[in-house]
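Both complexes shown next keep chain A, but they swap its partner, so chain B is in the first and chain C is in the second.
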Partner chain A sequence: MFASILHKEFIKLRAFWLAALALNACIIVYVLLEMLKLFRMDHAEVVWYRVIHLGQIYYEPFMYVMVITGIFLAFAQFFPEMKNHRFRISLHLPLAPHNIVLGHILVGLVAVVLILAVDVMALYIMTGLYFPSEIVHRSVFTVLPWALAGLSAYIGSTLVLLEPTWRLRIFNFVVSLGVTGLFLLPADPGAYAHILIPLFALVLFFAPSVLLPAYRFRYRKF
Partner chain B sequence: MMLLARYALIIPAIIVMAFYAPMLFDVAFGERVQKTHIFYSPVLKKFIWLDKLISPEEEGLEDVHHAQFVQMDQDGKRYTRQEFEKLLPFIYYRNMEIWGLLPLELEGKTFDKNTIKANRQVIEFKPRQIDDRALKDEVYPLIESVPGSARLIFPEDRFRLGREFEFINADYNRRDEKVTQVFNDALKEAGFQFPGRLAAGKSTILKPFDEGVFLVDADGNVFHVKRVNGKPRVIKTPIDPALNVRSIKVNENRRKEFYGLALTGDKRLHLISYDNYRLIPLPLESYDPETMDFKLIINPLYRTATYSDDETIRAVVMDSQYRPLDKYQHTMPGASLTMAQSIFNSLTPFRLNLEDPTQGYFSLEIDWHGWRSWISIAIGLAIFVFLAYRRRSKGPALVMDGILVALTGLYGLVAVSILPPQKE
Partner chain C sequence: MTQAECSTDYAIEVTHLKHQYGKRVIYEDLNFKVPHGKVFALLGKNGVGKTTLIKILMGFLRPTAGDCRVFGDASHELTPETRSKIGLLFEGHLAYEFMSIEGVERFFAPFYANWKQELYYDLTGKLGLPKNHKIGNMSEGQRSQVVLGLLMAQQPEMLILDDYTMGLDAGYRRLFLDYLADYLKAGDKTVLVTSHIVQDLEKIVDEVIFLERGGYTTQMPLRDFLEGFRQYSLPKDVCREVPFKDEMIKNIEDGGANYLLYSFANFRTVAAHLAERGITPEGLEQLPMGFEDAFIGFTGRY
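Take a look at the complex of A and B:
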């Protein structure tokens, strides 16, 4: 049954996932062109000075697209489910409600992680072509918190969508916005490097919170 | 599972409140720390400073809604802005020129604009600039010191210091074997022991000339490396390796008195002089490099060092040989809490900080509000017990909620109240 839920979600999300991947691919190409433009406009050593010493970030669009990807996939997955309370049918399957919900968000999270991993890998490879390894690592440490923001945006959007009451929907929205914002603070490139593990733990810990509105929805506790 | 789900939302909610509530408070009621700017007036021979008052002194809307700055000296005498600037003629020399007060005469000497300009230097050193606390570039340029043009230009390569002194060419993003070998040989010949421990230079061409970089080797010896006409010039400095140089800040200045600052393992700050790299220790009592911002202001007559943490600013004025002449200590207005801050600190037990102004990297820090934290916790617990009694709550969630409120005060109370426990 659990495998069937995963399969159902996979089929449901497939087209949206490809659309999100296409959007991210466009951003990857854009970032690559931005980076190449830097080297076309100036001597390589001047570009290095700008990126290494002044902290110029040519890959900033990743910050937005990662968050958008998380929100988009959460909406693609749960917005139709919440229409006419369709999700309640799923929640009545002969399986513990938490397994049903966790199955859903597992598929969603894997979908988001795969796309964000493509972004990070693409940045790693393109930066490695033109910058020393220290800068490659730094750029990865700069985008990893954005990737966490993408995951947090997915969990937060799910939390908001599943919540049946407006009062808690607003509360969930504020908390999700706040958690996601923690990963998007203005910072020097690589500044998050030392706290990535506790922040990742926070995202992991935040994930099961989506069970709460699901329970309330399932048992009409609102 | 329901219990876990609930805390999976409550704890992030507390984290969000502990991070954003103080941030919003700061936006609404001003920054926590207001640093005093302290100087030594060569005219008065006293310390004078510029403070931003936390509590306005006079009634009236303008005073409440606008920052109030005061200029005063160590005897408590107040000055207008113009009087203040006239007491610091070497700093405000451009204004002095406009006011027709140049050349000026002090201590029997005459100073015109060019003399003042040529004898001024300011160098700052902040905790986040210490090598082991900084977000470093990691690959540095070794700028050509004799550029053969009016201004400095960046070389086509940068170096990294580790097991070797490795140059990477920016055009090809590849190791430059030739340059690497030439510079490594020169370093080894000078007695450099790899792996290198520290590399410090001013990685910009926006400076009057270039003094290369200082490197510290595995044994703690300090080397001065320059690129002169494309070739290495390596000098092993006589700086004692036992001093355990921890950080160096290079600051090229036409005065050519010192290369920059060196922080040694015993937390003392020195100038690296042009006189065969002799270290000049700065007489800074109670200086803590990990928490204090340091500034050295040099004018044609005096050198003034100021260093401050969040509460106290200290200043010492020295002669040209860096012997202390006078010192002063001042508690900054920002050190005392405003009414709004006292209330806020009593309602919230702590603030969560990600950014630490004393280091380059983010860190997770819980900044407790001292004894006022207990007020928030006491209020939180009292309301929690009252609500639990009225609702006749019981069960494991009640105990865990109580522990959360006891640890996080009103933050916890708000979170557990909005999300009351539900039966599965």
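Take a look at the complex of A and C:
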């Protein structure tokens, strides 16, 4: 039965997932072209100096697209469920409500993670073509917090969408903005490397919070 | 009464139910019971709280006060086992538009032990559409057939149908009722239905629950209502006091040249009652009426 929930969400999300993947692929190509442009405009040693010593980041668009991917997939998954309160169909199924909700979230998170993993892998490979391994690792550690921001944006958007009252929806929005913003604070490249595990744990603990608005939707008083 | 007794005696039991949206009170003290194996029609004008009541029964709304039990469970704490016994048709034939005819059947089948796939395909086969046709690309009538097929395949102990007629033409309504009649043949099935087209219900409903503003209810067998509730006309051209509603005259409507009076009392009693109140019953006449007229007479036109 739980597998049925996962399968249903997969069917619902697959077209949107492909659209998000296409958007991310465009960004990957754009970042690759930006990187190649750096080497065309200047000598390689100048580019290395800028990237290694001055901390220039030529892959910043990943920050935006990762957050947008999280928000987009959350809307694709839950906006139609809130329209006419269609989510009631799922919540009437003979399964514990938390299993139903967490099944939905699991599929959404996996969908976001897969796309973000493609971004990180692409950055890893293309950076490795022109830079030493230290820079490759630093680049990956720079985008990983952004990937966590993408996951946080997905969870935060879900919190906002599932909440039935405007007052708490605004509250959830502010909380989500705060949590997601933590991963996007201006910092030197790779500065988050040593706290990635606690930050990942934060996202992990943020995920079950969607149960609260889901239960408020399920057992509402108005 | 203990919870165990509730669960065996009644499919639904509503006791002293109160619900309000902000300051707007929908029900103050709503009480009714639905025994197993009966078809109940929940009737009332728009805005009296029929859909609200169904949301409460299915646990999508927590009542302000009172007790509401479905198969013995508090309605806001329905167990998965209890939910598996209830087939629920949401207003507007809500469905997963992104799924196909075949896909939606495959999705629901594992949730229900008595799933009858053949009933689903019997109904959806009438659509003449390929199995991979998306529900989102269907008309409301076609979608209702898919939803009905899913409910029939589930073979629930109780069906709750929230305004199944919405958006359906006469043909689809008839199809819906035919399948509902087949479902009821299995016996011991309980149905709670709301509808705006009451005449459709006459053939299948055992009891009616009239819901009125403020949460007042009248519950009785449909046969008793149809036989006992009467319409009288009283010409306006005779000089007399204007009749008014009271404990015997349930409702009065303007019938053009006549007043239309509605009452459960027989002709002689109504005539005597009017006379007692100084209204001459001259010209009083009982008129025949169907279920819809009786419904409107009972609840009022506007």
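The rule is simple: the second predicted complex is superposed on the first by the 220 of 222 C-alpha atoms of A that agree within 3 Å, B and C clash if a C-alpha of one lies under 4 Å from a C-alpha of the other, contacts with A are read in each partner's own complex, and residues count from 1 in each chain.
By our rule, a contact is a pair of C-beta atoms (placed from the backbone, for glycine too) under 8 Å apart; a residue touches a chain by one contact, two chains touch by 3 or more.
Just so you know, these numbers come straight off a predicted model, no measurement behind them.
Aligning the two structures on chain A places chain B and chain C next to each other without any clash.
Applying the stated contact rule after C-alpha superposition, one finds that A:Phe206 touches chain B and leaves chain C untouched. Contacts of A:Tyr192 after superposition: chain B is touched, whereas chain C is not reached. Of the two partner chains placed around the shared chain by superposition, neither chain B nor chain C is touched by A:Val113. In the superposed model, A:Met82 makes contact with neither chain B nor chain C. Of the two partners, chain B and chain C, it is B that touches more residues of chain A.
Rounded in steps of 10, the angle chain B-chain A-chain C defined by Cα centres in the superposition reads 140°. Once the two complexes are overlaid on the shared chain, A:Tyr49 sits against chain B while remaining clear of chain C. Once the two complexes are laid over each other on the shared chain, residue contacts for A:Leu93 go to chain C alone; chain B is not touched.
Contacts of A:Ile11 after superposition: chain C is touched, whereas chain B is not reached. With chain A used as the common frame, the shortest Cα distance separating chain B from chain C works out to 8 Å. 221 are the residues of chain A that lie in the contact sets of both chain B and chain C, per the superposition on chain A.
Within the complex formed with chain A, the residues of chain C that make contact are 21-22, 58-62, 64, 76, 80-81, 83-84, 86, 88, 90, 92, 94-99, 103, 106-108, 110-112. Looking at the complex, you find that chain A touches chain C at residues 1, 3-4, 7-8, 11-12, 80, 84-86, 88-89, 91-96, 218-222. Residues 1-2, 4-6, 8-9, 11-13, 15-17, 19-20, 135, 137-139, 141, 154-158, 160, 168, 170-171, 173, 203-204, 354-355, 360-364, 418-419, 422, 424 of chain B touch chain A in their complex.
On the side of chain A, the complex with chain B involves touching residues 43-49, 52-53, 98, 129-132, 134-135, 138, 159, 168, 171-172, 174-175, 178-179, 181-182, 185, 187-195, 198, 202, 205-212, 215-216, 221.
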